[in-house]
Amino acid sequence: MTRSAAFGIAAAAIVASPVLLGVGYSVLASFGLAGVGATGFTTARVARVLGAAATWHALWWSASTALVATALAGIAAVLVGVVARRGRRIDRLTQLLSVLPLPIPHIVAAVVGVLLLAQSGLLARLAYAAGMIHTPAQMPVLVADRLGIGFTLTLAWKEFPFLALVTFSLLATRGVAMEEAARTLGADAWTALRRVTVPMLWRGLLPAMVVVFIVIAGSYEAATLLGPSNPLPLPTLTYDRYLDIDLTRRGDAYVLTMLGLALAAVGVTIHEWVRAWSERG
Amino acid sequence: MGNALSRGAVAFRVGLGAALLVSVAVPLLLLLVWSAGRAWFFPALVPSDFSGDAWALLGGSLGRAAATSTGIALVVGALSGALGFVVGRAIAQLRGWPRHVAAALAFLPIAAPSIALGTGAQYYFLRLGLGGSPLGVILAHTAPAAGLASLYFLGVFSVTDRRLEDEARTLGARPWQVLLRVTIPAFRRQIAEAIALGFLVSWSQVPLTLLVGGGLVRTLPLAVFSYIRAGQERYAAVGALLLIVPPMLVLGMAMVGTRRAAVIAA
Amino acid sequence: GRAAPPPSAAQLSALPWDSVVTRARGTTVTWLMWRGDPSINAYVDHWVAPRLLATYGITLHTVDAQGPGILNALVVEREARRIPGTADLLWINGETFANLRHEGLLYGPWAGRLPNAAYVDSASPIISRDFEQDPSGYESPWGRVQFALIYDTVRTPDPPRTVDALKQWILAHPGRFAYDRSFTGMTFLKTVMYALSGGVAPFQGGFRETAYDSGSARLFGWLDDVRPALWHSGNDYASDVAALHRMFANDEIDFSMSNNQNDVLTKVRQGILPATARPLLLRDGTIANAHYVGIAFNAPNPAGAMVVANFLLSPEAQFEKQKPAVWDDGTVLAVDRLPVLWRDRFDTLARDPRALPRDSLAKYARPEVAPRYQERLEADWERRVRQGHR
Amino acid sequence: MSATEPTPAALILDHLDVRFGDSLGLRDLSLEVAPRERLVVVGASGSGKTSLMRTIAGLTSAGAGRVLVRALDVTNLPPERRGVVYLHQTPVLFPHLSIFENVAFPLRVRRVPAAELRARVGAALDAVRLGALVQRHPHTLSGGQAHRVALARAMVARPHVLLLDEPLSGLDPELRMEVRGAILDAHRDQDAALVLVSHDLEEAGLLGHRVALLLDGRIAQVGTTQDIFARPSSAAIARFIGIANVLHGNVDNGVLQSSLGPLPAPPNAPQRGPVVIAFRTDALRLDEASAVRARVVRVHHGVDRTTVRVTLDHAEVDVRVDALCIPEVGDAVGVACDPRRLLVYADPGNDGHA
Amino acid sequence: MSATEPTPAALILDHLDVRFGDSLGLRDLSLEVAPRERLVVVGASGSGKTSLMRTIAGLTSAGAGRVLVRALDVTNLPPERRGVVYLHQTPVLFPHLSIFENVAFPLRVRRVPAAELRARVGAALDAVRLGALVQRHPHTLSGGQAHRVALARAMVARPHVLLLDEPLSGLDPELRMEVRGAILDAHRDQDAALVLVSHDLEEAGLLGHRVALLLDGRIAQVGTTQDIFARPSSAAIARFIGIANVLHGNVDNGVLQSSLGPLPAPPNAPQRGPVVIAFRTDALRLDEASAVRARVVRVHHGVDRTTVRVTLDHAEVDVRVDALCIPEVGDAVGVACDPRRLLVYADPGNDGHA
């Protein structure tokens, strides 16, 4: 390894150091070597937590809702990107509107999600005013539901501006030339979109979508406010355990933390791989 | 390809524009009404009564929380911008596997769920005497913010080369003169963007503040979170508006501004 | 640099109270407390704090934290050997107290030497025992509350008043009843468990497995019976009582509940609950408990914390706190032992006409039992009900 | 279609106006390009070459006039229905498709059956000598290979007109040779008309049968490179094509007066009045016998010729010399002139040349 | 310092090794450049010209050997202390500074007092005829103006050595002329040695006093353009500098045998054995009287000359013809040769030429 490589990796490791330390502590605590009630090395806790169905349900819920939300946000971003890809006035306005909610924090998105989507939220009230429902119970369950529909929709909305921003910059740098090449090669407008512009966008968008997936899967505030009680989303479950009044169960949180970090590590690897692949375009 | 749009396409565009407008305006309006609405129950479309008590807290605890958040986020923005600049630049020089390893490391703090990051690292923060202090919270927020800034600058420096700096060196500038007189001013827009990113990461952070700050550092999102968990939606709505309106204004102005700058430059 | 180690409990108890007050002058006291209720916040920030500063020169710094968070903070601080720590005063009770005490995370004993401790209603088991544990001077009482259901007099003019009647009501009104999955919901479950077991008596005198087994079996049987008629068929549970309030206020369900019988009236004033919401006591008895303040083992300023705790116990502070417009939190003082002036004031304090009468409150009050019951109940409920394993 | 059958012109521009953004750019262009012909459009930077290509391709709409491709008026047709393929200066390959699929793209969108598609793609890739790379992806190609794939992809569409925008700019000399060869290879055996853009006349001569010069918003001259080099139709064009020497003079009574001394006016010169005289470095030669005296101020050695710059009255002109007898700087020399090699134009007015 | 005083060489490369990334690139380069001299380094793409410039400037560390600037060994000094300024191919102006501040940059970092700074910046901008633009910002400049600012900025630093990496590549012809003029203007009245990179020998001739040829990792030849063009020191160099025609032949008894027929061997030819013959297009001429017969296969019209390609036995050679009498493709012609214009080298072996 050259000197610059060593320096680069060391610099990145400094940025990553809280995570690396956290991984270390979580591993120690998971195996009974640190934390309250550290009993000396034991695999019992890890075995118990990883053996519990609730753990895997939590993981599955967090991963699957994140996947769907990411896909929805990505589809919307590509759609808006394609529609507003020319520099006309209305296109620029569309782009501005798409990107404007970018700085909305998860906590605010979640609050809005609750106020809007709950069975007695604004949507339900509009439905009532329109005579479509008479009691909140007639409204479909979107908040705290097992499928996480409200959570998924809210986070798709929250992350859409980020993906839209990436889409706009992709289109600005290489979109138009590609599309024109396809058109003069004989593709009509629709075919050029379908066979060239959209596939190219997907490719460029994929690394950003991996990021979005990881962020959604790790979201605590929104999952806590919008997620179901069964299964508990992984971040909520982790925090619940961490604050468990029963101190013997507190250490379980560290096993869940390890799981979350492992998920992150997988995400990072995929991201790095996808980014390298996408940059070759 | 200046062909006119078909009627269906126009309808679609108008619909899409309306949907986007709704997606921006409805949350803002909803929060605005909630922030003053009293006794607003299903199926009422508007509150039956209004109260400014939550807004009054702007001069009190919500105002203080906003000030704390602003201060912390500014420092985090600056710190992470500086760190990301150095790290992103160092990574951009690498090729082959070291580049992948370094980029992955920089991405780790963003990817790690903040709950996991917080629980794992809380012990060390306390150990260093940083738990419950603004400094601790700042450092904790800096981890994901610097990761983001590093990746951002990696992108920036992967497409620009070092020609500016090389040339400045041969024109007689020492390394620090190059940094101060060339690199930083030449990349000031990117630096400002990275600081803004870091600011936003800190500005929206809940779990890390909760865990490392132990409640002693009361930031705006934390206030919103605890109000919402206490069912005090009016107060939560005021906090939420404080959280989103200023950054949205800045973003909007920046977007319109760069467009104007681009028009002037062209 | 770190401050000099704070004085130990023994050192402080050797000092006369006046010296403690002198020591506290000009200091800051950090108080970990739940900050979720604007009424409570207003009382602490705008009534207590200015008087502390004026009278004792103490600056009060409040920090938002709840039981588990407080426990967690102190556990990690001790592991990280943080002495002195950050928190002085802690608002706690029940299992938080039990765990803190068990882990040796509390400073003390100190509560007995507060001048105002003389007025405490130590005859009431609800105050002198915190979940059946003797505070032993490690915490000082601050207020008392009693569990009550919340209903709407317009929607449910004739509400059920016993656990059995509640069951019938639930079965007759599917989807209109819910309880939350955190502290308040668990208190509700304990209330039901008492009622199904013929009262609190079987569970008193410390945790016993047999008592828990038979009680919880009855409880889970009851829950199994009503479950299909619960909100969302008993598949989802509100995450906390605030969510429950929101559902109740918006006509998603017909009952909410609270650990504080007067909470409903405060929330009505705040516009969070409808004007026609009222508290409802179950005649099988509802759990009453007191809440306390303790001092952290590593408190940087224990003397100041004691002065604050003493002030909180003072008749004027307790009186202000009990005003319906302020907080409506029950006093822990024995009113009949107070000086006449204060006794009169307490006796003539205008009560909210919608509040529950004092005598029925007293009549149906049931004490808490050992925290272990609640811990077991939480774990079993999570497994059997929330996750649906039978 | 064999080349001997009478075929309509591949491309006709009929009084076409080309817009630059919102303003009027090129005016009233008329031009015909035959099938199999290669026409090079040459103009200064910013003269509107790219805009013209885009207008022909239908990527920008025309201001006025018509574009006809094989007798069909395509002025209002979308790009994909014009039989015109436009290649950007830098090859734009689709990054998500393999080389094969890139080249197959025009056939796929035309729903060509699989067997025929394979055959035609194979042939097109063979024509640019890339048959071995079919399964590679664009990002693995060198610059020259990418150019060749783009060419193959364009040719496989069998366009009537292929537009190449500066295909050789920005390439280094070796790559330039490679791509130039690839263009000629790809165009061999094709009926397409090729319209290329260049700002280099040398290159234009190597690539095209004819050259169209864009100057001042119009097509200033169209002809073979030989025509244009031999007889640029105005002094402006002569300057533009880089004819090194320009002098001012006067014609009267069949005699051309200038710094070169009195000379018989060449046949194409105006009858009388002030003139501009343009000539290449080979119009003069050093000749001690000549009465026109000059002084050498500079010697320039090129690969294939040596020139000297001499002062002549107050003008400086470049004169080609034989590599075997080169004067020194400062030498006084005589300069003789062959009047047949002078290009003489009426002087449009004082335009700053001495 | 006046040019008449004895001054040490501006730049000396002393057995310098230049690295390409991590591998060894150029080996054992030795070279001297005098103050006020302009040296052009010419080499193929990838031959290491940029790497050499960066090594001289100190932006890349040398593999071995020394770099001396005005007798000072700078091999281990940082770039800013070498008295060497390096200019990239495309002008790199500091985007955040005005033109004035860009040019003032080298003086600001040297803490030159304000009055002197203003004077020197003004003079430098005047030297490149940009005095009027001082307050403009880089993004408002045309390409040629940006080049001129970069030059002014470099010269204001009064370097001993100024390195210009391909200053004229990628420019269109007009701009190229402008920038070439600016370089000569900026360098006038300066003591700096100029080292320029080019991959175009024509241009090298226009710019430099001497040319250094990089070939196969070494400096293959250093000399004036006249030297190199007149007498490239090997057949490889002759090919590299673009001498169009190369034939194989044989020398025996003072007679050169080749497709050009028997000719007297020129003085520099080897005594005997197989040879390579290189010659420019002006070494032959069309001559009906000649016994050497050829057929015209292609006519090429350049701006300043016309050449025809003829087949001669099995080889093809390019012959310059007079623009006034150009044969047609297919004509049979006679070809005459001036043996003094042939470059004859011993044949190093079969290298693929017919």
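Each chain carries a letter (A, B, C, D and E) given by its place in the written order, and its residues are counted from 1.
In the analysis below, a residue touches a chain if its C-beta (ideal position, glycine included) is under 8 Å from a C-beta of that chain, and two chains touch if they have at least 3 such contacts.
What you see is a predicted model; the values in this text were computed from it and never measured.
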Enter the minimum step count from subunit A to subunit E; a value of 1 means the two chains touch.
2
Please identify each chain that touches subunit C as well as subunit E.
B
Would you identify the chain whose Cα-based centre sits farthest away from the centre of subunit D?
C
So which has more C-beta pairs touching, B-E or A-B?
A-B
So, comparing C-alpha centroids, which chain is the farthest one from subunit E?
C
Distance from subunit C to subunit A - Cα centre to Cα centre, in angstrom
38
Distance from the CA centroid of subunit C to that of subunit D, rounded to the nearest Å?
90
Could you grab the centroid distance between subunit A and subunit D? Build each centroid from C-alpha atoms only and quote it in angstrom.
55
Touching at least two other chains at once: which residues of subunit D meet that condition?
58-59, 78-79
Where subunit C touches two or more other chains simultaneously, the residues are 69, 79, 243, 246, 250-252
Among all residues of subunit B, which ones touch two or more of the remaining chains?
1, 3, 41-43, 123, 228, 233
Residues of subunit A touching subunit B in the complex
1, 4-5, 7-9, 11-26, 34-35, 79-80, 83, 90, 92-108, 110-112, 114-116, 120, 122, 124-126, 128-129, 136, 157, 180, 183, 189, 211, 214-215, 217-221, 225, 234-235, 238-239, 242, 253-254, 256-257, 260-261, 263-265, 267-269, 271-272, 275-276
Per the contact definition, I'd like the list of subunit D residues that touch subunit A in the complex.
57-59, 78-82, 84-88, 92, 94-96, 105-106, 108-110, 137-139, 153-154, 157
Subunit D partner contacts - residues on subunit E that touch it in the complex
44-45, 170, 172-175, 199-202, 205-206, 224-226, 229-230, 241-244, 280-282, 299-306, 320, 322-324, 326, 340-341
Residue ranges of subunit B touching subunit C (in the complex, touch as defined)
37-43, 49, 51, 53, 60-61, 122-123, 126-127, 129, 131-132, 210, 214-216, 218, 222, 226-235
Subunit A residues within the subunit D interface of the complex
174, 177-178, 180-189, 191-192, 195-196, 199-200, 202-203, 280-281
